[in-house]
Amino acid sequence: MRIRSIAKPAVLCAVVLSCLSPAYAADPIKIGAIFGVTGPAAYLGAPEDRTARMVVDGINKGGGILGRQVELIVKDSGASSEKAISFAKQLIEEENVVAIIGPTTSGESMAIKDVCEKAGIPLISCASAETIVDPVAKYVFKVPQKDNYIVEWLYRTMNKLGIAKIGVIASNTGFGNGGKAQLEKYASKYGITIAISEVYDSNATDLTALLAKVNAAGVQAVVNWSIEPAQSIVAKNMRQLKMTAQLFQSHGFANIKYVQAAGEAAEGIIFPCGRLIVAGELPDSNPQKKLLAKYNADYEALYNEEASTFGGHAYDALSILKAAIESAGSTDPDKIVRAIENLRNFSGTAGIFNFSPADHNGLLMDSIVMVTVKKGKFTLYRGN
Amino acid sequence: MAGLKRYLPVLACALCAFLAPPLLAATKTAYLLTQLTMSAYYALASLGLCALMGYAGQISLGQAGFFAIGGYASSFISKVDLSPFASGGFVKFLGFSGLLVRGADAYGKAVLSISPWVACLCAVLLAAGIAAFIGTPVLRLKGHYLAMATLGFGIIIERIVRGTQGLGGADGLSGVPPLPILPGLAVTGERAARAANFTIAWLVLALGLLALVNLVGSRAGRALRALRDGEEAAGATGIDTSRYKLNVFVIGAVYAAVAGVLLTHYNGSIGPGEANFAKSVRYVAIVAVGGMANLSGTLVAGLVLNFLSLRGVFGRFDDAVFGIILVLVMVFAPAGKERGLQVFRRRKGAGG
Amino acid sequence: MPLELILQYVFSGLVYGSIYAAVAIGFNIIYNATGIINFAQGEFAMLGGMTASTLAGLVPLWLAVTAAVALTAASGAAIERIFLRRVARAGVLKMIVATIGLSILIRETALLAWGESVRTLPFFSGNEVSSLSFLGAHFSPQVFWVAGSTALIMAGLTAFFKFTLMGKAMRGCSANRDGASICGIDPGRMVTIAFGMSAGIGALAGCVVAPLTQTHYAIGAELAIKGFTVAAFGGLGNSVAAVIAGLALGMLESFSTAFVPEAYKDVVTLCVLLALLFAKPTGLFGSRAASMKEY
Amino acid sequence: MSILEVSGLSRSFGGLRAVDGVGFDAEPNRVTAVIGPNGAGKTTLFNLIAGSLAPDSGRVVFDGSDITGLKPYRVARKGIARTFQAIRLSERMTALENVMLGRHVRSRAGFPSGMLAAPWTRGEERSIREEAMKAIELLGIADYRDRETGGLPFGIQRSVELARAIASEPRLLLLDEPASGLNIRETRALAGLIALIRARGITILVVEHDMSLVMDVSDEIVVLNFGRKIAQGNPRDIQANREVIDIYLGEEDA
C-alpha cells in the first residue's frame, strides 16, 4: 500500500459528479498525512491513520469538500524526523497537497515546521509540544491540548485533595520531557513541591527500582507523564510496592488498552484529558457530546476497538481543515490559514477550538476534564 | 583492476551531479532532487562501512552512532549562543579571525554563534577522535564480540542523544543553520537551492568514492585486502594489522560523520532516530546487498534503497524490506572462496 | 540507604537478572551447538509472550503457556531448518548479519499478526495488585515465578546435558563437529534441536515475565541485547556463568537507578560490558577455548 | 658471525613442553634445516622464531638485535620473510598483486597518500610492480601473473608464496614445510628454487620432514626430538649420527 490512495472510488464519484455539476474543477483535493503508523509511536500513529481514513471516507460519501472529492495521501514515517522531512517535501512539491495533517510526534513536527512555513502549506500537527506553536508560525497549527493546561488541572485537583509533596517520573520522549518541564515550571505557582523528578527509558519494562526510590522520598502522589505501555507498568509496580501515594497520569493514559493492561492496579488512577473517553456521561447540552458519540460509534464499528484521544487528534485536524476550506471557499493556503484563525467555538474531540492569529492551538482550560478509573472503565472524576 | 575502468563509477557519479538537475527540471520531476540528495549522503555513510566490512573484513553495528555524532555535534556547536561569553578571550579570538556569525534565533533575539564551518570541522574531528579511542580496544576483538561492542557503542550514543535535554532529547535538534560553502552557495534545504544542493551532495559522494577507489588500488589497499583474506598471513608480510584495522575504522567513522553533518545542515534538523540500531542495520544491509567488497555496488545499493525508503515506497514494511534483504543476501550469497581453502587446510592437519 | 530500599533494589534486580539470564541461556545453547550468536534470540521471548497472551483468552493459563513454549520451540527449529541451515558455515560476519535480518523478519511478522497494541498475561498467582513483603520490601508473587523458571531451566539443562543421551550427543557435537559425526551423531539434527530448545527457553522466559512487563511486537530487540550482554559477561557458552552474570547485571541495573536517572540505565550496563570485553574478551568465567569457537 | 642466534628457547602448551631449551645458530647465506619426527616441535620452534607464538623463555637474536617475542609484522620489518605450511595467499588478488604485497616492507605510501593518489606514490607503485615482476620471473611463474591465485595449481601457489617472500628482499627466509603437498617432480623443482634463492645471498631456515629435500638443499641440519635439540651438523654427519637414526628407525628409506 505505497500511497494509500482511495483514488479509485473517489475518481468514480468525481466522474459522476462532474457530469452532473457544472464544469467544476473535478480533480480531487489532495490532503497529505504523515503518521508514525509503525515504529516507536505506533500506539498513537496507528489510531490516527485509521481515524483519518475513516473521516475522509465519510467526507467523500457526503459529497466531499466544495463538491470536490478528497484524496488522502498517508505516509508512514515510523516516527523518524528525517523521513518526515522527506515526505513533507514530497507531499508539497510532488503531490501538491493543499495541507498536511500530522505528524504524530513532536520531534517530527519541529523538523518540518520550517519546511511547511517556507513552502506556505498549512500544517496541522497531532503532536503536543508547546514549541510547535510557540513562536507562532503562520501556517503551523496543532490540535492536542497545551501541556500546561493539563499540568494546571492536575495541580488544581491536588490542591483540592491537600496533596503538596509529589514525585514526577516521565519517559525520555518529547512528550515525556515536555510534560516534566511544564510540571516543574508550574509547581511553585500551586504550592506544590516536587521531591523527586526523573526520566525513564520509554521502552522500560520494569520500574520497581525507580518507584522504590520515589517512595523513599516520602511523596503523597506520583505523576507519570508518558504515552508508552510504561503507564500500566507504573500502576502495577506501585501497587506491588504497596505504595499509598495517589497515582496521577497524563492525558497519554486516555486509551482503554492501558487500563486493561494494568488490570486492578488501574482502579483510582486520576488523569486530565479531553472528553472523548467519557462522552457517555456528558450532559446532552454539551456541544461535543453528539460528535464524540458519533466518532466513538463509527470507529468502533469499523475497527472493533475503542476510539482513543490520539485518533481524536487526526479527527480534529481533518474536520478543522474541512471547515476552513468550506468557510474560505477555496483551497488557497493563505485563505485556509485565515479561515482557521477565525474559527470560533469549533467543536472537536479534544475540546472547543477558538483559534486566533496569536493562538494556533485554540484550546483553553475548559477543553479538559478530570477522569478516573472505576471497575476498569473511564468515568468523570467528581472530587473525592 | 588496473587501468581507468575502476574510475568509471566515480565519473558517472560526478556527471550525474551536474546533469541530473537540468534533466529532472526538464521532465517536471525536479521534486525528486530532495530525496536523491538525502540518499547520496546516506550512501556516503554506507561507503565508509563498505571500506571497513568489505575491505578490512571487520563488522560494525555502530555506523549510525558516528553519523549521529557528526550531525549532533555540528548542529549543537553551530547553534550555541556565545553572546554571554562575548567578552571572553577565546570568543574575541574567534571574532578576530572572522569565525563568528551574527544572527537571530526563532524569537528574534540577537545571537552570536560560531560559523557552521568550524562546527562542521569540530564534529568530524570529534567523530574521528571517538573512533580512534574506542577502535583501539574494540578491534582486538573478533566476530561476535566485535559486533557486540560496536552495537553497544551505537546504543550508548543513541541513549545519550535521546536522554540529554541539551541535545533536544527525543525531539532532537531543529533550526540548524545552513552551512555556507561559497558566497551564495550553502548546504540548506531551501527550495531555491535545491539543484545546487543536489550537485554538492553527489559531488561529495563522487569524491568519497574516488578516495576509496584510490585507496583500494594503492599499497595500503593491497594490505587491507590481504588483511581481510588472512590476518596472520598479512602480519607476516610486515603489515601492522591492528593499525590498519584502526585506520579503516576511523575512515568509516569520518565518512559517516561527514554524511551526518551535511545531511543535518541540509535537513535543518536531526533526531535521535539517526543513531538507533535499525539505522546501523540498514547500512550493513546496503553493504551486504552491494556485494560486501564492492564500492560501486554499495554506492548503487545505497542510493536505490535509501531513495525508495525515503519516498515511502515500502510503506509500513520499510524495516521488513531491509530484514528480508539481509536474510536473502546471506542465504544466497556465494560462501566465499576462503571457505574452500579452510576446508583444505583442516584435512591436511598440521605436522611437526 | 534504608534496608527496605536496598532489599527493594535486590528484588527488582532479581527480576531483571532472571529474565536476562534465561535469554542468555538461550544464546549459549545455540552458541555451544553451532558457534552462532543468534541475534533473533530476543524475538523468541517476544513470540512466547505474544502467543501465550493470545491463547490465554481461550484456554486456561497453564495450557496457554505450555502451548506457547511448544509452538515457539517448533518455530525456532523450523527457522533453523529453512533459513540458517544454508547460511551455516558461511563465516562469522555473514552469520551475524543473517540472524539480525531474521530478527527483523520475525518482529515485522509479529506486527502484522498481532498489530501494534500492547498485550499482557494474567499473573500466575494473584493479580496485578497482590504483593508479598519481606523485611519491609514488597514485591509481586510473580517474582518467584520468574526466578523459579530460570532455576528450573538451569536444573533441567544440567540434567539434560549430563544424563540424557541426546544431551551428551549435543555436547559432543559442540566440542568437535567432525568428531561427533564420526560417531554417528547427525550434527544437523543437533543444531535443529538446539534451536528448538533455545527457542522454547526464550519463550518460557517471555511468558513468565509478560504479566510484569507486558509484551508487544517490538520487545525482542531490547531483550536480545541484554541477553547477549549477560552471555558475553559470563563467558560465551557457559550457561552457569550466564545465570550468575545475569543476576549481577540485574543488580547493577537496579542499583544504578539510585545514582543515575533510569533513562541512562542501559548506558551504565553497556559501558560495563564494553569495559569487560576490552579487559577480558572471554568473559568473567569464560575459557580461552570457549571463545575460540567462532569459526 | 652467525646471522641468527637462538638460545634456550622453550614454550609449553598446558602440561606439554613443545619446545624445551632449544638453541642453535644459523650461518649467513647458508641453508639450515630443522628436522625431527612428527610432534618433535619443529613448527612450534618455527613460529617462536617468526613471532606468531610468544616463547615462555629463551632469546632469538637476528643480526645482533633481539627479536624475541616481537609481533610478526615487526619481525618481517627486520628483514625476515616466511612462508606458511598451508599456503596463505589472498585468493581474490592476482599472483602479481600477492607478490607486490611482499614489497610492503620496502615501501611507505600510507592511507592519506593512497586515498589522494599523491603523485609521488606513482613512482613507488611502479618500482613495487617492477620488483615484484623480477621475483615472479625469477620463480618462472610470469604467465600466471594476472590470474587470481585461488584457482592456481598447488605447486604454482607455492611459487607465488616464495616469490612474495623474495620480493621483500629478506636477509633471512623461513620456510615452513615447503614440500608438504608437493609431488616428487614439484619437490625437485623446489630444491632448485631454494638453491637459486640461496645463491642470491639470502639465508634460509627450513623446517621439513621430507628427507630427500633436506639432504639435497641444506648446509646444516638441526635435529629435534620431543622438543629438545638432539643433534646438529652437516648432512653427512647427521646421516651417520646414531641417535638420529634411532629416532628415525626405519624411516631411513621412506
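The chains carry the letters A, B, C and D, assigned in the order they are written, with residues numbered from 1 in each.
What we mean here is this: a contact is a pair of C-beta atoms (placed from the backbone, for glycine too) under 8 Å apart; a residue touches a chain by one contact, two chains touch by 3 or more.
As the structure is a computational prediction, the values presented were derived from the model and not from experiment.
> Under the document's definition of touching, what chains do subunit A and subunit B have as common neighbours?
A chain counts here if it touches both subunit A and subunit B, which gives C.
> Which chain lies the greatest distance away from subunit D when centres are computed from Cα atoms alone?
Checked the centroid distances; the maximum from subunit D is A.
> Give, as an integer number of Å, the spacing between the C-alpha centres of subunit D and subunit C.
49
> Roughly how many whole angstrom separate the Cα centroids of subunit B and subunit D?
The separation of the two C-alpha centroids amounts to 42 Å.
> Express in whole angstrom the distance between the two chain centres, defined as the mean CA positions of subunit B and subunit C.
33
> Starting from the mean Cα coordinates of subunit A and subunit D, work out the distance between those two points in Å.
Centre-to-centre distance between subunit A and subunit D: 74 Å.
> When you check subunit A against every other chain, which residues touch at least two of them?
Counting only residues that touch two or more other chains, subunit A contributes 38, 172, 199, 201.
> Among all residues of subunit B, which ones touch two or more of the remaining chains?
Residues 159, 162-163, 319, 338 of subunit B touch two or more partner chains.
> If I apply the definition of touch given earlier, which pairs of chains qualify?
A-B, A-C, B-C, B-D
> If you look only at subunit C, which of its residues touch subunit A in the complex?
So the residues of subunit C touching subunit A come out as 2, 5, 8-9, 11-13, 15-16, 111, 115-120, 127-131, 133, 138-140, 209, 212-214, 216, 218-219, 222, 253-255, 257-258, 261-263, 265-266.
> With touch defined as at the start, can you tell me which subunit B residues reach subunit A in the complex?
The contact residues of subunit B facing subunit A are 30-32, 34-35, 38, 106-107, 159, 162-163, 165, 168-172, 174-175, 189-191, 263, 267-274, 309-316, 318-319.
> Which of the residues in subunit B end up touching subunit C in this complex?
The contact residues of subunit B facing subunit C are 53, 57, 59, 61, 134, 137-138, 140-145, 147-149, 151-153, 155-156, 159-160, 162-163, 277, 281, 284-285, 288, 317, 319-320, 322-331, 333, 335-336, 338-339.
> Across the complex, what residues on subunit C touch subunit B?
Listed in rising order, the residues of subunit C that touch subunit B are 37, 83, 86-87, 89-98, 100-105, 107-108, 221, 225, 228-229, 232, 236, 261, 263-264, 266-267, 270-271, 273-274, 277-278, 281, 291, 294.
> State the interface residues of subunit D toward subunit B in the complex, per the touch definition above.
So the residues of subunit D touching subunit B come out as 36, 38-44, 46, 50, 52, 71-73, 76-77, 81-82, 84-93, 97, 100-105, 107, 109-111, 113-117, 121, 124-125, 128, 150, 164, 168, 177, 180-181, 207, 209.
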